[in-house]
Structure formats: structure tokens, C-alpha cells
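This is the structure, below, for whatever I ask next.
Chains here go by letter, A, B and C, matching the order in which they are written, and residues are numbered from 1 within each.
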Amino acid sequence: MLKINDLNIFYGAIHAVRNVSLEIQQGDIVTLIGANGAGKSSVIRSIMGLVKINSGEIIYTPKNGKPVNISNMPVENRVKSGIALSPEGRRILPQLTVEENLKLGAYIRNDVSGILSDIDYVYTLFPRLKERRKQKGSTLSGGEQQMLALGRALMSRPDLLMLDEPSLGLAPILVDEVFEIIREINSQGKTILLVEQNAWAALKIAKRAYVLETGSINISGTGQELLNDPKIRAAYLGG
Amino acid sequence: MHKTRNLILTVISVILFALFLNKAPEILNGYWLRIFNLIAINAILALSLNLIYGITGMFSLGHAGFMAIGAYVSALLILPPAQKAAMWILEPIYPFMLNLNTPFIISLIIAGIAAAFFGMLVAIPVLRLGGDYLGIATLGFAEIIRIIITNMTRLTNGSLGLKGIPAYTDLYMSWGCFAVILLCTVCMLNSNFGNILRAVRDDEVAAKMMGVNIFKVKVIAFTLGCFGAGLGGALMGNLITTIDPKMFMITQTYNILMIIVVGGLGSVTGSIIGSFLITIMLEWLRFVENPITIGSFEIPGIPGMRMVIFSLLLIVVIIFRREGIMGTREFSWDIFFPKSKAKKSKPVQNYDHVLEVEHVKLKFGGLTAIEDLNFNIDAGQIIGLIGPNGAGKTSAFNVISGFYKPTEGRIKFLGKQIGGLSPDQVCKAGMSRTFQNIRLFGTETALQNVTVGSWVRQKNSWWMSLLPFIFTDVLREDSEMKTQAMNLLEQLGLSEYANEKASALPYGAQRRLEIARALGTRPKFLLLDEPAAGMNPNESHELMEFIKRLRDEFKLTILLIEHDMKVVMNVCDYIHVLDQGVHIAQGTPSEIRANKKVIEAYLGAGASSENSQEAKF
Amino acid sequence: MTLNIFVQHFVNALSLGSLYGLISIGYTMVYGILRLINFAHGDIFMLGAYFVFFATIVYKLNWILGVIIAIAATTICGLLVDRIAYRPLRQAPRISALISAIGVSFFIENFAVVVFTGMPRPVVQPKILMKPIILPNKVRLIPLGILVPVVAFILVAALLWLLYKTKPGLAMRAISFDIETTRMLGVDVNKIIALAFGLGSALAAVAGILWALRYPRVEPFMGMTPGIKAFIAAVFGGIGSIPGAMIGGIILGFVEIMSVAFFPNLSGYKDAFAFFLLIVILLFKPTGILGSKIEDKI
């Protein structure tokens, strides 16, 4: 569904992403893990079109469509072709209500009744959001904001859902809950690209995993393989 | 020596230009003489606005107001009593003003001082605002000044204005004043005070951390700029011989702004080139507003066309060549000659000390960034501060370096309580830091960046740098600081970049330069915020050696935030771990690597129990 | 002061204030999104006045048609300014866009001098708007004085409806908090910014038309002072807030009219009040009456 070949990203003089290649199959959970500053967010943001890439290609195959190189596609067209991102730090719009945040997530759609039923679907996934639907985004707790970010990303009915650090800053109990929900969303047919610092939790649910270290991918494999690989810990804690 | 060569060339060209001005009244007609006077006056105005905006980075739209003050003060001082008595027809002039009469030069100086005084009055409340708000507030003040002038009829003759001002402004006066202002400006900009001004523009936060009292520096620059505005306004009034409040509308400020934008914000040379270009073009463009005869056709002049072309030019310049003609560069004779390089060597110092962080808590509103941080650091150690994203490491740095005030708890540095001091005071106490996302003064050279750090140690006052020929000690001290800075660059292997702009340096060099700049304040304690960020494995390997060397050569104690664990584990004597604001662990590198809590913080819950036994560190 | 005179002042203040409010909405929307002081906005307002002048007085179209044409033409001008002078500078330092805005303001003013000449032109007021209505207690009201605030309030209500009840409105509010996130959710950011410019310009056009009727003349520099004052009103009300802009405008209108009404010898300083208010509010509550904090990043 998504294939990245030899991706390179520079920020000024910093070579943030070095020759990264990866592949995501339809229906999988794929995770991209690595220590802070390894370049995970840069990769995911370049797929969304929020970061300019310096070389390489990003090839996306929409459901029932042909492969397209989306490297230069405007962001809104990427959303329309079925890619959505729940960004790092949640980025909830603080002065908009929960419901407005969700509606904004459905901006590219025009089917009013479909949108309403999807909002209901999000509320069944996250009942807490329903209680707070008229509250402003800024009044939510961290966990609720994370749920809202997830829900908002679902609102465009994406085929490929990308989650950037969904567990960041959450209490352990909530972390488990979030990962449970990710698994559930996946079981309903969405392909998921998960960027995580919380490697163990991510590896447990991932079909395939890539480990980024200072901008390049040196280790990859199935989630199970990597769970038992001592090199992972070295990547995080030095060795 | 190329310095002597440049000096000779400068002197020769100044003499040539003076000769030209001397002969000018014979060669040029009245029209061109007026233009040449205007060029000098505009150059004074441009230099002063450039000092405020281009060099110190304060967006001021109030120049016209300060020009008005200067023009009125000077005119009131030199108009003969008889003429004053005749001119105030609506209401009589104040009697004490009637007989006030001074020579022209004195009136110019008083005009400048008056504008500077009001400038300072405006600056003190308004400079607390930043960016656009500052622009609007200064614009507001300029309008208020204009409105007050219009209404204080007994002092200013109100909207009728002042007529028949003696036309004292001639080429000698205008270019003479320009020469003095130029000389003072250049001397100041070349001194370390000039570095400070540019540092404030490039990065206020970093400048604060280098021990600079930003507010004071800004007020000084603004006041000096207003002096120039007052002087320029006075000269202009005496050139045109008639002034009224309408002359000093916002349009006047825009004209000067245009000059410095076209010339290049922050460049003295640019301001001068801009003055020539814009003044001549504005006059020359008058042809579009006069009827033109081509053969037997007569094209009628189009009023307003001049400013249409002019404003289009401004838009085109800003869209296609934002940096103007010169950017922030300056003219130098060196461009005609091939380059050469300079060198020299070594000082070392001795210290001893401790940092004590006692139960520090930091809250933002309801959010707790740091929960009870408690640790001591002994002299000569390298201490690591680590933790996953959002753990509060940078917040801890900001509390220690004075950027945030701790909500609770105390911080003692060298036995002295520093919690709550401002960054520049903390810096003066002997602490310095680098930033996660490099915050160099981008438009200054590597050498200048480091000299900024020496500002805290400088003894001479800023105003001495205006007249370095009298206060020669300034030059001596400046060159001493420069030598010290050069030595630092050399020790850190940066001497080849000394005269390169900081923003043009390779990434690794920028990181090292930030450290050099921090060392320029002669700290006893250095905070490094992610020095290895963005480095490849080779570079970060070099960095490890470099940090150890720093500690030994400069007798430093170092506190280090870093995500690259190879670096942390390798260089640190002791490590503190934060997770979500909580100080969860401390110990030697090997203790930390085996610590369950740390592994869970980094790799997620369950990581330590399932797999830690067979994992190899 | 008789009741009649007081009512006159009150209505004057209300209509002057609503005009400031209408103009300031354009500033506040653009500033809220781009953090750009659109210096050309006052000149867009001037164009509105000129367009209606030409449509109805020079080309003798009927007023309703003339007003529609004037609003449409002004809106197009506002969109062009954004497209030509601001959009190329979106990635540039903010100060560049600000200087560009100053250039555009200069350009429009002087272009108006070239095309319309610098001479002020009188506007013939439709009689129906000028015939006084006599209320009890000999209070006389001119319909125009009531029309201005009524139109202003209807337009603000419509704008608020658009912002809070429609999809583009939702996107516009979102953009003013976080452009990147909004783009990431599939919103074409440039279109929404253009919409903000368009709406602001249309409101400025309405203000220009009403202004031309109220002070019956047009001239190329007529937008300068009301423009700056309206920006001040926007800051006063809390930049980024539309109700705030309207409240700020009305307060400013009252301060100007009432201070001169009660202290006639201050009339020479009338134009200074706005700036004085501005400086006071900037120093004591920089976020304005209804504004939320616009964060400066460290």
C-alpha cells in the first residue's frame, strides 16, 4: 500500500533522514520505533506532505487504485486519497469543541449523514468524548486529547492511518487502552503506521517493525522477532 | 598590512569626495545641490532608523515623529525674534520662546538631544512590546507628537507651520553631520557593543543567556536612533525652510524605511547606497508628473504616478530580493584584493565550585513540568540528565539557567542562591549554556559570536564606543576581547571559520561554535542541551572526546542533556533520569543501564521483566 | 446638553463606532491567521467608497446595483492583494510581509490619485436617507445614522453565523490556531486565507460605502486614518476576535465623539485619543478586551 524508497530529508545542514526505505502492506500494523531524535516523525510527516523531502520517492497505492508517487502531491490531495495522521503532541485545536475538532477531521467529505454516523462511531470507541462533545479542546485531559486526535484522524475515512507517538505523556493504564484501540481499529480493516517511543508496546501489536537510529534504518523484522532482539535496547539506551 | 592599505584608500576617497563637495556649488545647479543635500540628510535618517530596526531589530514606525521634534526645536531656536513675532498670527508665541536664539550648530545638537529625550521616554514603556505591536505603538506615538505640534499653537504656530527658516543647511553642514554620524555609527558597530546590538536582533533569548541586559541595550539603541532622527529632521527643516505638521506624516517614515529595505536591513553601506538611489530616483521620477513633450506630442503629467512606481518598486524588492542590495553585508576594500588570514594562542584558568538543586518544582498553570528535583553536582564532573520525550529535561535546564523561576525549591550555585535570578544575572554568576536547536547570532561572524560572550566582563561603557578616538581604552579592551575570542576559537578548532557568518558554518561547527560562545563568558559551569542532536555516528564519537577535553582544558563542570545514549554512557560520570517530570533514578552509567525504572521509561512497561536478563549492554 | 443633542451624539458615536468595527474585522481576521498587519486594508476601504461613487454618481446606476458592484469589485481587489503581494511571502519572515503591506498601501493610495485624481469629490446623498425623523421630545434622527449600526450588526451576525455554523468557517477558526494541523486534515489553507481576505474586504467595502454617505465625499487618502484607527480598535477588542473588533470599534467611536462633545476644547486632539487608548491597552492588557493570548515561542 505504501512504499518508500531511499528517502532523504535535510533540515538546513542536518541530515535528519538517511536513505530510508520501507514498505507497508494493506491491512498491517507497521511500526517505526527508535530513540528520540532518530527521525521517526520526519518520516511520517513527509508521507503526509508536511515536510519537504530532498530525495527519494513515496509511492502510495490507494484502495482499488494504481500506485502513485505522492512525493509532490499537495497535502489536501493526500488526505483525499486516503492518508490521515494523528500528529505528535495531539495538536488538538484548543478553542474548537470536541465535536468541531471531529468535523474538521471530515473536512474533505461532503456526505453529511455519513459524517454524523462516523462521529457516533468515534463516540462508541471513546465514550468519554461523547460526554465532552461541547467542551473546548483545551479543557480535555492528555488522554482525552489523544483519543480526540485518534478519532479526528479517523474522520476522513482513511485507508492508511498514521499515528505519531500516541502513547506519549499518558499514564500506563491509558497506554494499554490506546494500544487496545489501535488494534481494534486495525481489525476493522485500516492499515496502520505507528511511530512509537514506547517500543515494547508497539512491537507487541506490530506485524512488521523498523528501527530508526540517527536517521537510518538498521534493523527491521516482524514485531515478534524484534521483541527478543537485544539490539533494540542498545538502540535506545546505548551499548 | 591590508588594514593600513584600507585606511589609506578610505582617506583618499573621503578627500576626493570632500573636494567634489567643495567644488560642487560651482559645478552643480540648484536642483542638484538640493538633491545632494537631501542625500546626506536621508542617509542620516536611514542610518538612525537602521540602527533601531536593521541592526537592533526593533520595528519602529515612529521616525517621522522624532524628525518633527528635531525640525521644530531647531527652527524655534534659530528663527530671529522679529520673524517669530510676525509669524504667530493665531495666538501669540510664548514670550520666553520669542527671544530664544542660538547658532545653527547648537540648535542642531539640541534638536537631536530633544528627539533623543522624547525617544527615550517613548522607549521605556513601549519597548516591552515586541514585533508588530511595537511598530503600531511607535506609529501611534509619532501621530500623537504630530497632533500635539498641531495643537500647541503658542509654541509651534499650529497647523500654519513655520516659514522662512534661515536656509543654513548647505553641503558642508549636511555632509559634515553625515560624516560625524557615520563615523560614530561605524565605530560603535565595530566595537563589541555593536556585536551586542546584532546579538539582540538575531536571538534575544541567547543574548540574555550571554549576560546581556536586553532592555537596557534596546533603550540605548532606540534613543541613539532618535537622536539621528532629530538631527536629520532639523537639517531638513533648514534645507526646505518651511515646516508644518503635515510634513511629518507616516509617509515620511515609509520613505526612510524604503531606503533601508532597498539598501539592506542592517547594512550601513546599504543605507548610504539606498539614500543615493532613492533620493535621486524620487526626484528624477518627478518627470512622470510633469508634462513631457516628444516632438509635437505633449504627454500630460500624471500626478501620483511617481509614488505608484515607487511603491511597486518596494513590493518587487521585498518579494524578489528581500535582503535588499547589500543584505547585512558591508562594503570593504578587501573585495578588490585577495584574502589573507590571521592567527595567535592560549590562556587557561582555575576554578572550584558546586551546584545544588533543592526540591525544585516547576508548574505551568495546572501542568507540572518538574516534580521535586533534588541533586548536587561536584566540581569537575560531567553529569548527564536524561529521560524520554517530555520528561522535563529542558525545563530543568531553563530553571537552572534562570529562564524560568522555580515554583518551589531553591537552586544554589557556588553557594549562592540563584533561583529566580534573570538569565543575564545567572550568566554573570558564572554559568553558561547551549541550546537544543542551535541559537547562534546567525548574521554575525563566528568571532563576533564569541566576543558577545565577553560583554559581561567588559569594563568600558557603551557610549565610549561612539568616540573611540577619545576613549582609546575602548579600542584596547575590544581588541583584547577579540584576541581572547580568537584563542577560544582556535582551541575548539574553529579558527578557520573566524570571519565566516555563523549561519553559513557546517552543522557540526555550529554546534561547537555555540559551545565556544558559551565559553566566551568564562563560565565555571556549562549546560549542554543535546549537543549530539543531528550528528552522525562519526561526529558524535568526536563529540565525546571533545566534551571530555572541554572539562579538562577549561576546568569546567558540565551538565548534559542528551538523547544519544552512546554519548551519555560514554562521557558522564553520573546520570540523573527524569520521566514525566519525576526524578526517577540516578547513578553511574552502568547502574542506570540496569535500572528497571529507566528501562521501562524508555522502552515501555513490561520491557524489563520479559527480556532484560538476556539483553546485553 | 439637551436630550436632542445627546441623542445626536449617541447615534453619531454608534455609527462611527460601527464603521470602525466593520473595518477592524478585516484586520482582525487576517492578523488572527497570518499575524500580518494588513496595512492596505484601509485603502481597500477607500476603494469601496470610490467604486460606489463611480457606480452611482458618475455612471448613474441605481444605488442597490451600485452597492453590489462596489462590494464585488472591492472584494476582488482584496483577493488580488493577497495573491500578488502576500502569498509569495508566506514562508518569509513576517516582517517582509509587513513591509510588502506598507508598499501595497502606498501603491493603492497613489494609484487612486493617478486614476481618480487627488481632488476630493462630493457624494450626493440619497434624500431618503437624510430626511429627519422627529421623535417625541423634539429628538431628531437621520435615517442614515440608524442605518449604519443596523447594517453593521446584521453583517457581524452573518459573519459569526458563517464562522460558527459552516464548514469554511470552521476551517477558518481552525487555521487561526494551527495552520499546519488544519492543512494536515485536508483543508486547502490558501483558499481559506483568501476567504478571510475576501470577507474582510467585502466588509471594508460596506464600511467605505457607508462612510462615503455619512461624510459625503471621497478622496484617495481617506482610508489612512480610519484604517489605522480600525486596527487600533481590533487590538483594543482583542486581536483575532470578531466580536472584540466590533466592541473595540464602538468603544473607539464613543471615546472620540463623546470626549469632543463634553470637552469641546479637546477637539484638536481627537485623532490622538485612539493612539493614546492603544498605548494604554498595549501596556496594561496587550491581549485586548476579548483576546486570547497569542503565544511567542521560546
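One rule holds for everything that comes next: a residue touches a chain if its C-beta (ideal position, glycine included) is under 8 Å from a C-beta of that chain, and two chains touch if they have at least 3 such contacts.
Since we're looking at a predicted model, the values are computed, not measured.
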Could you compare the number of C-beta pairs in contact for A-C with that for A-B and name the larger? A-B
Farthest chain from subunit C, going by mean C-alpha coordinates, please. A
Going by CA means, which chain is nearest the middle of everything shown? B
CA centre of subunit B versus CA centre of subunit C: separation in Å? 35
What's the distance between the Cα centroids of subunit A and subunit C, rounded to whole Å? 43
CA centroids of subunit A and subunit B: separation to the nearest Å works out as 42
Given the complex, residues on subunit B that touch subunit C span 59, 125-126, 128-133, 135-137, 139-141, 143-144, 147-148, 150-151, 205, 250-251, 254, 257, 261, 302-308, 310-312, 314-315, 318-319, 322, 403
Across the complex, what residues on subunit A touch subunit B? 11-16, 18, 35-37, 165, 167-169, 172, 175, 197-202, 214-215, 227-228, 230, 232-234, 236-239
Taking the complex as given, what residues does subunit C use to touch subunit A? 167, 170-171, 173-174, 177-178, 180-188, 292
Interface with subunit C, subunit A side, in the complex: residues 48, 50, 74-76, 79-80, 84-85, 87, 91, 93-96, 100, 103-105, 107-108, 152, 156
Under the touch definition given earlier, write down the residues of subunit C that touch subunit B in their complex. 35, 37, 84-85, 88-89, 92-96, 98-100, 102-107, 109-114, 117-118, 220, 224, 228, 231-232, 235, 268-269, 271-272, 274-276, 278-279, 282-283, 286, 296, 298
